[in-house]
Amino acid sequence: MKTMFFTQAADDALAQAMADDPRIVVFGEDIPLVRRDLLVRFGPKRVRGTPISESAFLGAGVTAAMAGLRPVVEMYMVDFFGVCVDALLNHAAKTEAFSGGKWTVPMVVRAPCGGGYGDGGQHEQSLWGWLAHIPGLTVVVPSTPADAGGLMLASLQNNGPVIFLEHKLLSESWLEFLGSGARKTVSYDIPAEGAKGEVPSKWEPIPLGEAALRRTGSDVTIVSLGVSVHRALEAAKILEAEGISAGVLDLRTVSPLDKTTLCKAVKQTGRLLVVDEDYETFGLSGELSAVVLEAGLSCKYARVCTQTTIPYNRNLEDQALPNVERICTSVRQLMK
Amino acid sequence: MKTMFFTQAADDALAQAMADDPRIVVFGEDIPLVRRDLLVRFGPKRVRGTPISESAFLGAGVTAAMAGLRPVVEMYMVDFFGVCVDALLNHAAKTEAFSGGKWTVPMVVRAPCGGGYGDGGQHEQSLWGWLAHIPGLTVVVPSTPADAGGLMLASLQNNGPVIFLEHKLLSESWLEFLGSGARKTVSYDIPAEGAKGEVPSKWEPIPLGEAALRRTGSDVTIVSLGVSVHRALEAAKILEAEGISAGVLDLRTVSPLDKTTLCKAVKQTGRLLVVDEDYETFGLSGELSAVVLEAGLSCKYARVCTQTTIPYNRNLEDQALPNVERICTSVRQLMK
Amino acid sequence: MPSDLWSLYALMLKSRLFEEATAKLWHEGLISGEMHLGTGEEAIIAGVVSHLNDGDAMALDHRGTAAMLMRGVDPILLLREFLGYKDGLCGGMGGHMHLFSKEHLAASSGIVGSEGPAAAGFALAAQYSRPGAIAVAFFGDGAMNQGMLMESMNLAAIWKLPVLFVCKDDGWAITTKSESSTGGDLNERARGLGVPALDFEGCDAAKVWDTAGTAIERIRSGEGPIFLHARCVHFEGHFLGFQPIRIVRDPLKEMPKVAIGLTKSILRLDGAALSERLAGLKNVMSSVITTLRDPRRDPANDPLLHTRAALQSDPVRLKELEDQLEKDINNILKIVLGEVPS
Amino acid sequence: MPSDLWSLYALMLKSRLFEEATAKLWHEGLISGEMHLGTGEEAIIAGVVSHLNDGDAMALDHRGTAAMLMRGVDPILLLREFLGYKDGLCGGMGGHMHLFSKEHLAASSGIVGSEGPAAAGFALAAQYSRPGAIAVAFFGDGAMNQGMLMESMNLAAIWKLPVLFVCKDDGWAITTKSESSTGGDLNERARGLGVPALDFEGCDAAKVWDTAGTAIERIRSGEGPIFLHARCVHFEGHFLGFQPIRIVRDPLKEMPKVAIGLTKSILRLDGAALSERLAGLKNVMSSVITTLRDPRRDPANDPLLHTRAALQSDPVRLKELEDQLEKDINNILKIVLGEVPS
């Protein structure tokens, strides 16, 4: 079977879709460099650079989609939605409702996210829960190359707006660009399985809203997404040695949420640990507990999330983000 | 005792603080008209109008606060944070952390919020959970005139950024401005206790992060805020007649959350109903269930929130927003 | 092609009558929330919209009714939408600030300035799929200070997007005079963003038609965006029931509501020095006084009267046209209101 | 006051040496994440910052180190911050993109364009509490397309805020040439927002000092904001380890990393017509070729060499100064690196 890097897989699936569907166009800041492989295959009309005007080009993506294109709009980082989230909050997410269901916005917004390489608090946020709070948006967070490609294809086929988030620690090209390409003196805690892995020879869409059980376990269900899935898997191995059987569920899409799979898993173990790199309060981690309780289940519950602005200092950063140690400690606590 | 309207109370507390503290300045779009009573008392240097440039003047509020002022920045509506939330997300909320705790942002951002008068989905959102997701922000949502004044005073004394949200259905001046002032032919479901009520003769700050138990009850705890508190109280009366004893807890501040009072109440009843006008998923309502589970408690749980883009049609709107009927139905379900 | 004043006038009058009927329904409480009319800006809308063809798109602001109507959206669907009916243009989900017609590629938004990005996106799609088609953005003078509108003028310039940016400048943003909130000059601003600017009176439909026609021709030929800056008035102020207008129209009833608070406040013990307080009071009063002296109150600025004057040479045809349009609107009202809301 | 070239040169050289030392530490892996240097823009920073007094404020972008240093922030605190130490300027919480000095009223941000609102807010506070004080915003040419920066130029104009807007124009935003992303003319744009514009070469420290001095004097006297537009180069490209610069400097090593993907892609079966593919390839190649021919590679554009040339008439004093600064920087390195990170 073929193997690919994470971003390579997403790009490859995108290329496959672009070859099939001339309506797909890609634009964003520095995209002629960032997606140069797409540029030389599909030409400068379909792969464009933009000014640093996120509100303008993200907003333009919304109506371009309404008028028949399938735009893939690229943000430099998820953090920068701050300057332009109106295009999502009040436009992309609401057009279908406002038009009485008559007009949809088939747009994919692609953005790198996440921390673990020392860029500090304005460049390492996750924000998927924050975005998913807005009804009308689909939010996708793959954790492996195979999912990156399959979910990209599904996102491109979706009729509503999809936010497609790629964790920088999984992205060979982002890390190379942001500083590791020029020096061998830094190292990041990159999950090997996430950064590179097997992919199908031809991409098939992976349905949005289906979680993947990465590991079965009878004592506790660890629910996670993105890089943290791999941290959870690592923790599960350590815990196994201690006699604790931890399952790991990879959500893959934040919204829509795969409630069925979540509840099934939690019902079996009675213990739920959420490992979520986004901010802890008023977001995804809380939502999962609500879903479980609404289903009439009960469980012991804990979460390992980002609680504060992400520190620049690498040690403090590693402690602020979900890590294997924090996961193990939390699971042990839940087992008491 | 004195009585006041809701916004009148907030303005009165603000005026009291402005008289004491010359560092307080107020600005925003149309503020010379909207806060004309402050303008004629404190003069045009301290009460200013702005262009429709939210990013500029909200961002300016952040550094003005850092440089020694105590700005009260007014947004026309909470919905419009979409165009400028960067000033909160990446600046106001992070400056204290970034500066190693050395520099704070004592700013109050005031915005009308909420629906129930037919303005449609881009003008009636609540978004308090969305804002509270960002670590470093305090989010206040009063439900009575007394709280509006007391919490305003506390917000003005707070050393970090505070988002102060006023529900339009409680605000005599917003409703008059937005269309009811010119016609007697429309009526809104305005909670009398929230729109007008007793206030102290001199304002004292109400500590941020302290919930208020509006009604005791032994069967179920309804947790709410803003206008929905009054809906919950109305529902509790109806349920009482059916033999169900429902307590009503008014959060008053979303962040920081009064976990102690919440858990105490839920522990007594074993049933939690969250009534939250903000969007249902990935927000406040889920967070409350997480807090309860984290405290090692268990409870039956349900929520009555806004699930979709708010419809323009007044009937559909009333069904989309939390209402007495939905609350009663949910409680009855929880009692089964 | 010379402008056809008769059809421009017909469009304008139809819109005026429709919006006046809408106002009545709003006052009767049958329409909820805010209501922003386009009365006073009909010449600009008519003069631009009558150049549009199939495949052209429009991005509208909170004042989008007139453009929708003149573009050919069924007035019955519009009215049903305002009333919140299930069979309204948007199924009762949007209301007048969120009007959408996929068929006409027309979208509205209540977010000031968002017409810029929206028109840019429509135009981008046109570049790919509808060569020669254009997108029009209608917005106010206040919107010119919203960053995303400026950003999208720049974007349109560098991508040579077929966008006509139309600024309907009434001098106001709600109660804020633009001269106190807008620095520099809007035309220079547009040019500094790479967009050529044309500036003119928006009260003269024929003039608008000619200017817009030339501009649109250039845009269709691929020369990139153009900025039209046209002056107009809003007789009702910002929206229906607008407070300053109410005060001016019925001071005895409305003034006390405002004056009591003002008087109490200006006399309160702690606060600014007297000079500052008086400056504040002057500030408040001037917004009422400015309203009194407002061009809004001068019928000479009514684009309908302006155009009508030119047509009075044929009074028979004029009467026929006006009678017909009045009948049409009454018919629409009957059809819509005769039915039971769902 | 005439410019004192000696002290300007001292400031610039100190900053250059400090940033070169920083670059070394970054390459050694002691500094994490991205690293944007201000090398190449020292004349602009020095010429502006040396006019600042107590109570003046600065809003900085991702390239804020030079301004912090020249404004008088302790280089030891800066370096400790870059290394993430607890006793760094911001306790190791900020890093080079988020430098804050309350004492100097200086704040940085990694959000492009946010320097505009930040400077406006500082200036607003100055209007109330520090008459005669000003705020400076430093930002790049790319930032001029960010709406909030344009908005705040307008805000500063109408409120007559004491802001000096300084655009350090290197012609690039990362890998995007400004001529392909910026419409119109930046000076006209500023004027269209109500802000007078001054345009000049930013390589000549004396010239910057004079121009900025006149501008700042006018701003202090209450005349409102001014826009300085100064050209400069960034020798390292956007940030340390910048890919196009790497390719130019070491094509044999770096080109294959890029070329393999390109070759595969351009040959793939489905896709655009050959002409489009070649246009794409030209696009990619031109960004490398432009880098090759870049003024960045021309030492004549180095503001330090430029200023140094004027001082060579006194070689003894020059050598003394340079030796002293080198010693200072080495000392700083010793102090900081001699200590064990906490």
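For the reader, a short list of remarks on this structure follows.
A, B, C and D label the chains in the order they appear, each numbered from 1.
Simple rule for what comes next: a contact is a pair of C-beta atoms (placed from the backbone, for glycine too) under 8 Å apart; a residue touches a chain by one contact, two chains touch by 3 or more.
Everything numeric in this text was worked out from a predicted model, so none of it was measured.
Most remote chain with respect to chain B, judged by CA-atom centres, is D.
Simply put, of A-C and A-D, more C-beta pairs touch at A-D. Centre-to-centre separation between chain B and chain D, using Cα means, comes to 41 Å. Centre to centre, using the average C-alpha position, chain A and chain D are separated by 33 Å.
Averaging C-alpha coordinates per chain places the centre of chain C 43 Å away from that of chain D. Contacts with at least two other chains are made by residues 90, 92-94, 98, 109-111, 145-148, 151, 154, 158, 180-182 of chain D.
Looking at chain B, one finds that residues 45, 50-51, 53, 55-56, 79-80, 82-84, 86-87, 90, 94, 97-98, 120-122, 309, 311 touch two or more other chains.
For chain D in complex with chain A, the touching residues are 26-35, 81, 84-86, 90, 92-95, 97-98, 109-113, 142-143, 145-148, 173-176, 180-182, 239-244, 246, 257-258, 261-262, 264-266, 268-273, 275-277, 279-281, 283-284, 287.
Within the complex formed with chain D, the chain A residues making contact are 15, 18-20, 29-30, 32-33, 36-47, 49-56, 79-80, 82-83, 117-123, 176-179, 181-183, 185-186, 309, 311-316.
Note for the complex: chain D touches chain B at residues 57, 59, 88-94, 98, 100, 102, 105, 107, 109-111, 114, 116-122, 124-126, 128-129, 147-148, 151-152, 154-155, 158-159.
Residue ranges of chain B in contact with chain A, taken from their complex: 55, 79-80, 82-90, 93-94, 97-98, 120-122, 129-130, 132-136, 254-255, 257, 279, 281-291, 293-294, 296, 298-303, 307-309, 311.
Per the touch definition, chain B reaches chain D in the complex via residues 23, 25, 45, 48, 50-51, 53, 55-69, 71, 84, 86-87, 90-91, 94-95, 97-103.
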